[in-house]
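Next up: the structures, one after another.
You will see two complexes here that share subunit A, one where it goes with subunit B and one where it goes with subunit C.
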Partner chain A sequence: MIKRILTVTVIMATLLTGSTAFATLKVGVLSDLTGPTSSVGVPYAQGVTDCIAYVNANGGVNGEEIKLIQVDYAYNVQQALSAYKRFKSQGIVALQGWGTGDTEALVRFVSRDRIPVFSASYSAHFMDPKKAPYNFTIAPDYSTQGRAGLKYIKDNWKESRAPKLAFVYPDKPYGLVPLKAMKEYAKELGFEITGDEVLGLKAMDATPQLLALKKQNPDFVWVGGTTPSTAVLMKDAKKLGFGGKFLVNIWGNDENLAKMAGPACEGNFGMQAAAVYGQDVSGMKVIEEQTKGQPQMTHYLRGFVSTLVMVEGMKKAAANGKVTGKSIKEALETMRDYDPMGLAPAISYFPDDHRPSMAVNVCTVKDGKLEFLETVSLPRDDKWLGK
Partner chain B sequence: MEYYLQLIINGLVVGSIYSLVALGFVIIFKATKVVNFAQGEMVMAGAYICFALTVQYQLPFLLSFLITLVFSLVLGILVERMVLRPLIGEPIISVVMVTIGLSSILKSLVQVFWGTQIRVFPPILPQEPIMVFGLPIAPVYIAASVLCLLLFAVFSLFFKYSSLGIAMRATAFDQQAAQSMGIGIKNIFALSWCIAAVVSSIGGIILGNINGINSQLGHLGLKVFPAVILGGLDSLLGAALGGLIIGVLENLSEGLARDLLNLGGFKEVASFVVLVIILMVKPYGLFGTKEIERV
Partner chain C sequence: MQKCGLFFTTYNSEDQLFPSTFQKTCLGLFMAAMLAAPCVLDFYYISVMNLIMIAVIGAVSLNLLTGVCGQMSLGHGAFVGVGAYGCAVLASKGLPFLLCLLGGGAMAAIAGMIFGIPSLRLKGIYLAISTLAAQLILEYVFLHWTSFTGGANGMPVDSPEIFGFMFDSDEKMFYLIFAITTVCVLGVSNIVRSRSGRAFVAIRDFYQSAENVGVNLFQYKLQAFATSSFMAGLAGGLWAYYTMYITPEQFSIGLSISYLAMIIIGGMGSVLGSIFGAIFITLLPEVLNTATSLLATVAPEASAMAAPLKEGVFGLTLVLFLIFEPEGLVRKWKLIKAYWKLYPFAY
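Presenting the complex of A and B:
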C-alpha cells in the first residue's frame, strides 16, 4: 500500500514539475480588427503580436513563453466585457486593451481582479492611479499631448503679437476631454483663443466650420479628429484659402493623412507617441526585421512599444518572484526611464502617477511622408495629473 | 451673404451625393416595397471594386468605372435571385432582417478581400478648386453633381417613356394587376435591384474620389435615410429633392446656429431632427404616395 502511495506521489510530482516546465504567461489582447476603428486597430494589434513573437524568440520572460489570447471585439463595449471574462477564466496576467469605452468599462473589473491593462486610450483620468490603479499607457494623455503641441508652436512663433488659436473637434469624449486643459495652458502660454468648431468624425464637408474659422482668422487650429475628418478639413481649408496651420491630435495624424489629403496636409503639425517607420532610432532595426522591411504605420510601432513595456514589467516582476497581475503592477511602478529601444520617449511609472512620460513627438507631413520633427518635454506637474 | 451662399452651394453638392444613394433606396422600395438596409454596403462594394480595378489591376479609370457598373448589375441579380426571391410572400420583417444580414455579409466580404485599411483612389480630377459664382468648389464635387443630375434625368425618362420603366411603375402600383397583364414580376424585382446596385456603386466611386474608402463606408446608408423619408420612400423626385434639402439643411443649420446662438455641432443632428418632424407631420414624406387603408 505504501509502495503504491509512493508511486502515485512520484507520478504526480513528475507531472506537476513537467507542467511547470511548459508553463506560459497568458496575456489577453482586445483588438478592433473589423469595427469602426479597425483602420488603426489592425496595425496596432499587429504591433502587439509582432512584439510578442520578438520577445518569445529572444528568451521570453525568464525562459517562459508569452501566449496571446486575442479577441476582435469590433469596438463594442459589451463584447469587450465578455472577452474579459473569457480572458480571466483562462488565467491572464495582463491585458493589452484598446479604446476609451472598453478601457473605461473595465477599470473597476481589472482593479478588482488585479490585472494590469495597457490601452491605446489616452484619456487623462486613466493616468491617475487613484481612479484607475491597474491602468497603464505608453503615450502621455491627450491633454499632455495637446499641451506639448501648443508649446512647440509657441516656441517656434516668431511674431511679436500673441498667436491666435482655435479648436475643431468631434462631439465625442476623445475630442472633448482635452479641451479644458488645452485652453488653460494656451492662456498660460499667451495664446489668444478665438473659438471652437464641431466637426463629426464622418464629415464629408467642412465648409461651414472653415467659413466660421475664416472669420476668426486663427494662426493655428487644434484638430481632435481622426484621419478621414482631418483630411476633409485640410482639403476644404486649401480650397477655401484658409491661412492657419493645423495641429492634429494623435489619431488624426498618421501615414493615411497624406494619402487622403494630398498636398493639403503638407507642413501642418501633429502629435505622436512612437517613432515613425524608418526613423533613425536604435530599435528600428528590430522593427525592420520583424516586418521584413515592409513599412508600417506609426500605430504599429505604438502597439509594439506598448507590449515591450508590458513585457519589461513582467521581467521585473519575474526577477522579484512570481509573475502575477499584482506583481507586474508593482514592478511597473518602479520603472524609471526605461528606453523602449528609442521607439518612444523613455518611460517611468510611479505608484501615485501612471503618466508614462511628459514627452511628445511632434511630426509633420513632408513630400507626402509623415516625418518626425522634435520631441517636446513638459515638466511632470502634479496639478496636471488626471486632467 | 457670401458665407451663406457658400454654405448653400456646398450643401447642394454634398446633397447631390445623398440623392444618388437615396435613389437606390427608392427604386427598390418602389418596385418591391422593401427598404434595403444594405444600401450603404452596396455603395461600399461598388467603391471597392472600382478601387481594385483602378489601383490593384492598374486599369484606366473609365474602364474600371464601366466594369464596376457591370459588376453591380451582376451583384443586383445575385442578391435578388439568391437572397430575396426565396422570401417572396414571407412577412416583411423577414425581408428587412435579410437585408440587414446582407449588409453584414457585404461588409465582411470587403474586409476579407481588402482588409480594414483606408484606401485612396488616385486623383482622377484636378485638385485645384473651380470658381462658381466667385466661390471655390472642388472639381470632384462638380463632377458628382453633374453625374447625379444626369442619372436623375436618365431614370426619370426611363420610368416615364420606356416600356420596361412603365412595367416597373405598374408593378410598384399593383403587383397582382401587373402580373395579370403579363409583366414578369420576378424580372422587374431583379431589374430594380440591378439599378439600385448600379447607382449605389456610382455613389461609392464618387465618395471614394472625395475622401477615400474603408469598410465603414456603409454607414452612409443610415446618413441618407432621412433624405429618403423626407422625399418619400417611393418618389424619385422625392429622393432627388430630399438629398439636396438635407445637404443644404445640414450646412445652413450649422451656420445659423453659429451666428445666432454661438453653438456648433448642429450639422450632425439636423437631418435626424428633420426625420422626426417629417415622421410626425407628413409620414409619407414630401412626395411619397399616401396609402389609405380601410379598416
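Presenting the complex of A and C:
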C-alpha cells in the first residue's frame, strides 16, 4: 500500500513539476470538422494548426510555446458554448473561433472574460468594438467585401450605360447581412439594381431563379451563397444561356467551385481575403514548406493568417509585459499595417474600429484554377463601421 | 414497484409524489449536492449543468405535450425561440427579470396555442407536419421582423438581476436555472397527477373514448399546447439570459429534433425520462469530444480519422437505444431499481 502511495506521489510530483517547467500559452480552437461547414472548416483549422507549429518551431512567443486546445463543435451553438467554457477552465488567453452562430453566441462571454477571438465570420457588427470589444477578424466584413467587389466591377465597366445588378442569396443571416450596405453603395456607384432572388444553401436546382433573372437581364449578379449553391447556380446559368457575370461572396468562391461547376464558373468573379496557394507573395515559401508542397485551399491560408495575426498580438503583448487576453486585445489595437508575409492585405486595428483593413482580393477561376486578379482598397469610412 | 412495508390507508397518501422516507431523503441529499455543486466543481462542469437544466425544462415541457397528451410537435425549438425573443424584447424595454421571463413564457404560450389549433383536426404525423410549419414560420419571423428581433444581427441580452443581485457568472446562473428547473419539473409532475393530466392521458390513449367520458378535446389540447409552450418559453428565456446574445440560428429545426430525441431516449410520458434524455443528449457530444481529444493526445492520426465518425457514433447510439430500449432510459432505471430491490432473489 505504502509503495502504491509513494508511486502515485512521485508521478503527481513529476507531472506538476513538468507542467511548470514547460509553461505554455494556451489558445482555444473552435473548429467545425464534422458539421455542415466542415468542407471549409477542415482546411481552415489545418491552417490554424500549421501556423502554430510554424510559430512554435520559430521561437514561439518570447520563447514560450503555444498550445492549442481544439474542439470540434460541429457548428452547434450549444456545443460551442460548452467548448468555450472548457477552454476557459483550461486557461486560454485567446481563441480561434469559426462561424457566425457561435461567434455571436460568445460575443458577450468573451467580452466579459476578456478573451480575444479571431473568427471566420465577417458580419459587420463584429467590427464595431462598441458591440464586440474582444472580436477580431483578418478579413473585412461581408459588406466591405461586397462594396469592394462592386467597385472592381464598376472600375472595369467600359460601356456608357449604367451596369445592371441583381442579388441572389440564401434567406439566412449570412446571405442577408450585407444586402442593405451593398445596395446603398451600388446606387452610389451608379448601378441599376434589377432585383433579388432567394436561393437556398442546399439548392439542387436554380432554374426558377435564373428564369426570373433572365427577365431582369442583369450584367452582374452578386451571389451570397456557399460553394455548392454557387456551383448549382453557375451550371444552370450556363445551361440556360444566362449572359450575366457572377460576383461571389467569400464562402462561395474557392478551389472547390471549379470541381463542382466545371467550365461554368470560368471568368466569374469572387472575393477572397487571403492569397491563393502558389501566389507570388513573400510568405508562400513558408506555406509550401509547412504543407510539403501539397496545394491547399485559400481557406487554409486564411486560417494561417488569422493565427499569424493573433500571434503577432501575443508577441506585442509579451513585449509590453504579461500575455493575457486583455493585454493581447490592447496590443492588437496598436497594430498598424502589419504585413502577414503578404498572405493577406496589411492589417491595422484601432480601439474604436476593428476592421482589419479595407482591402479585398478579387479572384476568378481560369482553366479550372482559382486565380488572384486584384486587391481593391476602399477608404476606411466611419459611416460604414458595423454596417 | 411498491417498497416492502410501505402501506397506504388513504388515496391522498398513495398519490404523493414522494411516498417513502427513503425517497424524500434521497431527494434531500440530491438537492443538497446540487446546491453545493458550484462551490466544489469547476465552472466548465457548472456550465454543462446549466445547459442540461435548460434542456430539462424544454424536454419536460415537450414530454407533457407529446408524451403525456400525445400531440406530436416538431416546432418546440421555435417556441423556445419565441420565449427567448420575448424575454429579450421585454428586457430591452427595462422590465425586471421575473416579469420578462414570465412575459416571454406567456408569448410562447400564445404562439403555442395559435399553432395548436390545427391539433383538433390533425393527428400524429399530420400534426407533426403542421407544427413543422410553425417552426418554419417562426424562424422566418425571427429573421425578418428586424425591428422586434434584430433580424440577422440578433439581440444582446443583459445578465438577469433580482433586487439588485446580478446573476453574472455561471455559478450564480446555476442557482437561478436550478430553481426554475425545479419549479418546472415539480409543476409538470403535478399537472400529470391532476384532472388535466388525466384528461391529457385519456386523449393520448384514445381521443374518442376521452370525448365519450366528457373530455373537451379542443380545450385540453390547447391547454397542453399552452402549458408546454409556456415552459418552452421559460427555457428560451433562460437560454437568452445565459448566453446573453440570441440569433435566429439558435432556434432552428435542429433544436426541435434535439428535444424530440431527448424525450424518445429518456422515455415518452415520463418526467424522469425527460430529465434522463436531456442529460444524455447534452452530455453525449461532450463525452465524444473528450474521447476524441484524449485519442488525439495518444494517437493523433487515429483521432483525425475518428473525428468524422463522431456524428455517426451519435446517430448509432440513438438507433441502438431505440432498438434495445425503446421505452427509454427511464425503463432501464426502473429495471435497475427492481433488480436491487429483489437482490439477491431473481423474482
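Going forward, the second predicted complex is superposed on the first by the 366 of 387 C-alpha atoms of A that agree within 3 Å, B and C clash if a C-alpha of one lies under 4 Å from a C-alpha of the other, contacts with A are read in each partner's own complex, and residues count from 1 in each chain.
Everything below uses one rule, namely that a contact is a pair of C-beta atoms (placed from the backbone, for glycine too) under 8 Å apart; a residue touches a chain by one contact, two chains touch by 3 or more.
This is a predicted model, so every value here is computed, not measured.
Peer 1: Once the two structures are overlaid on subunit A, check if subunit B and subunit C clash or fit side by side.
Peer 2: Aligned through their shared chain, the two binders clash on subunit A.
Peer 1: Does the superposition put A:171 against subunit B (first), subunit C (second), both, or neither?
Peer 2: A:171 contacts both subunit B and subunit C.
Peer 1: Scan A:259 for contacts with subunit B and subunit C and give back first, second, both or neither.
Peer 2: first
Peer 1: On the A-aligned overlay, A:233 touches which partner chain: subunit B = first, subunit C = second, or both, or neither?
Peer 2: Neither partner.
Peer 1: Would you sort A:33 into first (subunit B), second (subunit C), both or neither based on which partner it touches?
Peer 2: Both partners, subunit B and subunit C.
Peer 1: Once chain A of both complexes is superposed, is A:85 in touch with subunit B (first), subunit C (second), both, or neither?
Peer 2: second
Peer 1: For the combined three-chain arrangement, which segment of subunit C clashes with subunit B: 111-119, 147-155, 309-317 or 327-335?
Peer 2: The listed stretch with clashing C-alpha atoms is 309-317.
Peer 1: Using the superposition on chain A as set up above, list the residues of subunit A that contact both subunit B and subunit C.
Peer 2: Dual-contact residues (subunit A): 33-34, 38, 171.
Peer 1: Applying the document's contact rule, which stretches of subunit A touch subunit C when the two form their complex?
Peer 2: Touching subunit C from subunit A are residues 33-35, 38, 69-72, 74, 76-79, 81-83, 85-86, 88-89, 100-101, 104-109, 112, 123, 125, 131, 171-173, 176-177.
Peer 1: For a test of understanding, state which residues of subunit B touch subunit A in their complex under the given definition.
Peer 2: 3, 6-7, 10, 13-14, 17, 108, 111, 115-118, 120, 123, 127, 129, 136-138, 207, 210-212, 214-216, 219, 223, 251, 254-255, 258, 264-265, 267-268
Peer 1: In the complex, go through subunit A and note every residue touching subunit B.
Peer 2: 33-34, 36, 38-39, 41-42, 171, 196-198, 200, 202-205, 207-209, 211-212, 215, 227-228, 231-232, 235, 239-241, 256, 259-260, 262-263
Peer 1: Would you pull the subunit C residues touching subunit A in the complex into a rising list?
Peer 2: Where subunit C meets subunit A, its residues are 42-44, 47-48, 51, 140, 143, 151-154, 156, 168, 170, 243-245, 247-250, 254, 282, 285-286, 289, 292-293, 296, 307-308, 310-311.
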